[in-house]
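In the two complexes below, chain A is the common chain; its partner is chain B in one and chain C in the other.
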Partner chain A sequence: MNSQLLIGYTARDTFLNRLSGSTKLIGFVALSIIGMVTYDTRFLLGVLLISLILFHFSKIKYHEVAFVLQVIVAFAILNLVMVYVFAPSYGITIYGTHHMILGSPDHYFNLSWEQLFYEFNLLLKYIFAVPLALIFLMTTNPSEFAASLNKIGVSYRISYSVAIALRYIPDVQNDYRTISLAQQARGYEISRKAKLMTRAKGAVQIIMPLILSSLDRIEIISQAMELRRFGHNKKRTWYMAQPFKRNDYLALIIIVLIVLVGIALFKVNGGRFWNPFK
Partner chain B sequence: MNNKNQSSNSIRTVVATGIGAAVIFVLMKFVAIPTGIPNTQFNVAEGFLALLAALYGPVAGGLAVFIGHSLNDFVTYGSPWWTWVITDGLVGVALGLIKNRLNVTGGAVKTMKLVWFNLYQIVVNFVAWVLIAPTGDVLVYHEPAAKVYLQGVTSWIVNSVSVAIIGTILIVLYSRTRAQHGSLKKEK
Partner chain C sequence: MVEPIISFKDFGFQYDSQSEPTLKHINLDIFPGEKVLLAGPSGSGKSTLGRCINGLIPQSYPGEITGSAIVAGHDIKDSSIFELSFSVGTVLQDPDSQFVGLSVKEDIAFSLENDERSQTEMRAATKKWAERLDLKPLLDHSPQGISGGQKQRVAMAGVLIDESNILLFDEPLASLDPASGKASIELIDHLARQQNLTVVIIEHRLEDVLQRPIDRLVVLKDGEIVGNDKPSAILKDSLMQQLGLREPLYLTALQLAGVKLADCNNIDSAETVAGDNIESALQRWTAGVSLQEPVLPKQPLLTLKNLKFSYNRNQPVIHGLNLTINRGDMLSLVGRNGTGKSTLSNIITGFLKLDDGEMKLNGQDLTQLSVKERADHIGYILQDPNQMISKAMIFDEVAAGLRLRALTDDEVERRVNDTLKVCGLYEFRHWPISALSFGQKKRVTIAAILVLNPEMIILDEPTAGQDLRHYTEMMNFLETLNREQQVTIMLITHDMHLMLEYTQRAVVLADGGVLMDARPADVLTNEAVIEKAALAKTSLFTLAERYHLPSALDFVAKFVQTEREVRSHE
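== the complex of A and B ==
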């Protein structure tokens, strides 16, 4: 359980850390949206390569993210298997040709290069943004993140909500753990050994105090913020806000270029798919 | 006076969004039971969302689950699966729209209202998980329809059950702790 939570910001001395949060946020969102839409293998591989190179420069150690990566890969594989089971000839439908490895297109279960290629593209789409997301999460200070959201045009109230969420996740987690241990000490079994119903009841016994204490917390924090006149003005400044520097403009230009290449490829391919089978 | 109330309500919305997102994140991470179909879980978080939205309205409900869900996707899958995150946000908004009708803060909620609330949430979840989310997956991600609709139907069932059981229990328990509206009378 602990290992899932080790993903977090630590100060590292790299150029990625020094980029402003806004740049990294724009970069991540722009690349993940273009990668979400496109099915061009060359483009996805290119972005994956760039993000792996960036990951190398970010000085994030593999063991810091190993657990998360294993979970991501396991889910990606499960999804790919499921796609195959539900639509074994989807690739043939998309690419319009059939180069068979096993079976024939008339059977439900068959294996074609088109299907393999389609699933390879899916795999790329599942994982290409992962290094970027990890870089973003691990090199951006949470307080600066809220400032960046505000800077790219999100209302400061919403940015502040995000800041509160990031600030209180560790607290809520601690509460959860404390309550869970206390209830287990009183005899509620929630481990895998117990039956499903017992586990469900145990879970309810934990979330009740957790939720009620969180509702109390909402009252306390909003009163504290009201006392400090939060929301009185139309704008607010951020202690952690970083001004754009030369490197930020450079990075933004590169991001725009990558996105433009992605859009240009739609024109070249005449659609979202790059078809090597023609 | 009216103005002052409004500003304190909007602060409460901001805080409820933030704390709500944190709680949803923690619940999605620790109290989720896998259903056997990849990427679909029985989420206690949906039940909590029902209470949060009923207490603080559509804006807090929608944004809280949007933020909580995308943060959870971030640390679990590496990047948010935008179509489902947005759909979840819409569910939060829809559940928040009945805030005044349900009136949780006005004392114990009557059985008829609970039945009506449950019918409403089942319809909302149907529209969200069977219609919007999988269609978004087919259009945006180009995934095979059979797979995403199966995931959608599973999510519809588990999310409705989560709101029906956990959401209803939370709403009943919480509303019982509030003083009944009009329960105090002036002595003559």
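== the complex of A and C ==
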């Protein structure tokens, strides 16, 4: 059950798997930033195309990510609707023209091609990064994850806390299940049969023992880490870090080029927006 | 003359959080290459002494130090955990929670990563130690995918990789099954010789550690050293009981037979103990005791028929299991880690859903009842009381189950008070639970279940991590419950002593079913079953074989019977 909800790494033999985690992280972050800043539809479509092609090559199956995708789509639609509800003429303000489909710009609720175009750009922004994020998460060995964070400049103490979290999540889930069942056996009803209030009260009964047992765990882990010299030196090396290879440099060059194109388009468009209505 | 590698001189320590010193006037020299066993009851200060050796004191646990303590040339007063970690490698008690890496190889290399070594160096060192500790096929596994014994070997590899020459083990046997525990002690012994290590083992289960030679036994009590000698010298004085430690079974048996330990040689182990009159004394004793057929309960309470269960379809954990538990039974459920002991209890209590099979309690179909409804008949007590306790006050904790069943306040108060009296907790009823010891907390969790009047309770490792005094208290309490309240008790345990001395019936699980269902003495004298279920032969069995007693089984059974009689007269 849980395995379908959570997305996780599996060893797949693709060139994306062989790229170093840092390259993928840099690529993901750099493309996301430029994509979030720009409203150039041509650029966004281009990046979306690239990320879909990469997704195809990553050999990730749709059913592995179906749940996550559904959640993202639901949120994207909700967001677009809300943008329309709160600012139905924002497109007109941005692009400076009005090609009306319904109503007139004087009314609060109206529908213009400018607004549709603006929201289409938003949609592109929401979806182009999703395949990239999934590729990064699902083709990077979790052990390498911390090493990549550290490589791009995040302190190793913070990076390692990511690894520790990944290490202990299954244990804490286990604790949770055990505690929850033990409490149910004493009569706390937390299943769907009970009323919301009863369930909430039941949940509190689980949280307290869970926190106490997690605190014990944390004390032991931090001792174990200290006894093995974690945190003394300014730097540390990583067993699982992948050194940069030819393909990594190649990938980084391509990423830089894409970002440069994005920046160049700011100049051409005279701002963040590409305006086809002029 | 050789200098000691660890040297305590009139050493004392008081935690900042406590009003009394935990260690007093400790004088102890440990020499390079020595293998020392540090024993003592809970609260004797043995773990504190361990923390002084690896530097957690005074770095992580601040407090006041008197006298001096030198470890590998460092005065612990002004050296850091970091400095000491190069000389002292520590293997903590719980192999699971000290596993910090996402995979075996990363965990082994953890300290080298922190030393900023290159990947090539790390790979070579990891490979070397994985080979020595037989971990090579497991290198890519995650901690969730390996057994307790394997985790402990990973922890050992992770400290041995530093090439430090002092190894400190904090209760290495506490969470292992008997066979893994034995393997672990053998491995420690082997490594110590091979690497010429100085080894300090903190453990209160003497008999298990003494399966391999120990150079010195240091016994602590109330923060002071009360014994510091070769194990044989201390064992001969038979002071174990007074010092709050469990005497090895074979020595108790020899004394029962009238053998004077002072006249024996090589008494550290049942394999070596020798003396002129041992054979005749044992034979005389065994001939003189007549074995009474114990009266076992006959009326079925819980009937399990052809149970089947699997977590995923390809690997059945339980496959065609049949078992009848009778009303009034006190039985132990034993077997290798991962054979489904906990799974079976989870099926009975409804935590897990059965794939197929029949479960009847007093003729009523159990599979139709919810977790809560089953709990009215069968209570389950987890190993860690902290996972069960959800209220701040003792009375409230015990009352919780009754209040949820909507009883009147008077009724709740009456039943809670009655239960607290049975459990010896009545005087504490207005105390906060946080003020209780581990054993008392465990008792609170038992009370919280007993108050629901179950016909049967299942306890997971009821005595884990408790010293002899608390162990005896707990087991006597359970025995009384069983005898006087007619509660049927099933114990899941790795402790062979417990199974032998306190239960009348042992159910051994293996290969998804019941491998053997017999008297504990029968189980522990059956070598095929012992091997298959990762149990450990008792030293009584060794004794009986070495001294040619007519039947090892009878000898063990007679010993248990005599012990039980002694106990009931106390």
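Operating definition for what follows: the second predicted complex is superposed on the first by the 253 of 278 C-alpha atoms of A that agree within 3 Å, B and C clash if a C-alpha of one lies under 4 Å from a C-alpha of the other, contacts with A are read in each partner's own complex, and residues count from 1 in each chain.
Simple rule for what comes next: a residue touches a chain if its C-beta (ideal position, glycine included) is under 8 Å from a C-beta of that chain, and two chains touch if they have at least 3 such contacts.
None of these values were measured; they are calculated from a predicted model.
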{"item": "Contacts of A:Thr178 with chain B and chain C, given as first, second, both or neither", "value": "second"}
{"item": "Which of chain B and chain C A:Tyr90 touches, first, second, both or neither", "value": "first"}
{"item": "Touched partner set for A:Gly187, first chain B, second chain C, both or neither", "value": "second"}
{"item": "Touched partner set for A:Met225, first chain B, second chain C, both or neither", "value": "both"}
{"item": "Touched partner set for A:Ser143, first chain B, second chain C, both or neither", "value": "second"}
{"item": "First (chain B), second (chain C), both or neither touched by A:Gln205", "value": "second"}
{"item": "First (chain B), second (chain C), both or neither touched by A:Arg236", "value": "second"}
{"item": "Partner chain in contact with A:Arg217 - chain B first, chain C second, else both or neither", "value": "both"}
{"item": "Touched partner set for A:Ala163, first chain B, second chain C, both or neither", "value": "both"}
{"item": "Dominant contact partner of chain A by residue count, chain C or chain B", "value": "B"}
{"item": "Touching both chain B and chain C, residues of chain A", "value": "163-164, 166-167, 171, 206, 208, 212, 217, 221, 225-226, 230-232"}
{"item": "Chain A partner contacts - residues on chain B that touch it in the complex", "value": "7-8, 10-23, 25-27, 29-31, 37-39, 44, 48, 51, 55-56, 63-64, 67-68, 71, 74-80, 82, 140-147, 150, 166, 169-170, 173-174"}
{"item": "Contact footprint of chain A on chain C as seen in their complex", "value": "54, 56, 60, 80-82, 85, 90, 92, 94, 96-103, 105-106, 109-119, 122-123, 126, 143-144, 158-159, 162, 346, 349-351, 371-372, 374-375, 379-380, 382, 384, 386-390, 400-401, 404-405, 448-449, 452"}
{"item": "Contact set on chain A toward chain C in their complex", "value": "142-143, 163-164, 166-167, 170-171, 175, 178-179, 181-189, 205-206, 208-209, 212-213, 216-217, 220-221, 223-233, 235-241, 243"}
{"item": "Footprint of chain B on chain A - complex, ascending", "value": "1, 4, 7, 32-33, 36-37, 39, 68, 71-72, 75, 78-79, 82-83, 86-87, 90, 94, 122, 125-127, 129-130, 132-134, 137, 157-158, 160-169, 171-173, 176, 203-204, 206-208, 210-212, 214-215, 217-219, 221-222, 225-226, 230-232, 272"}
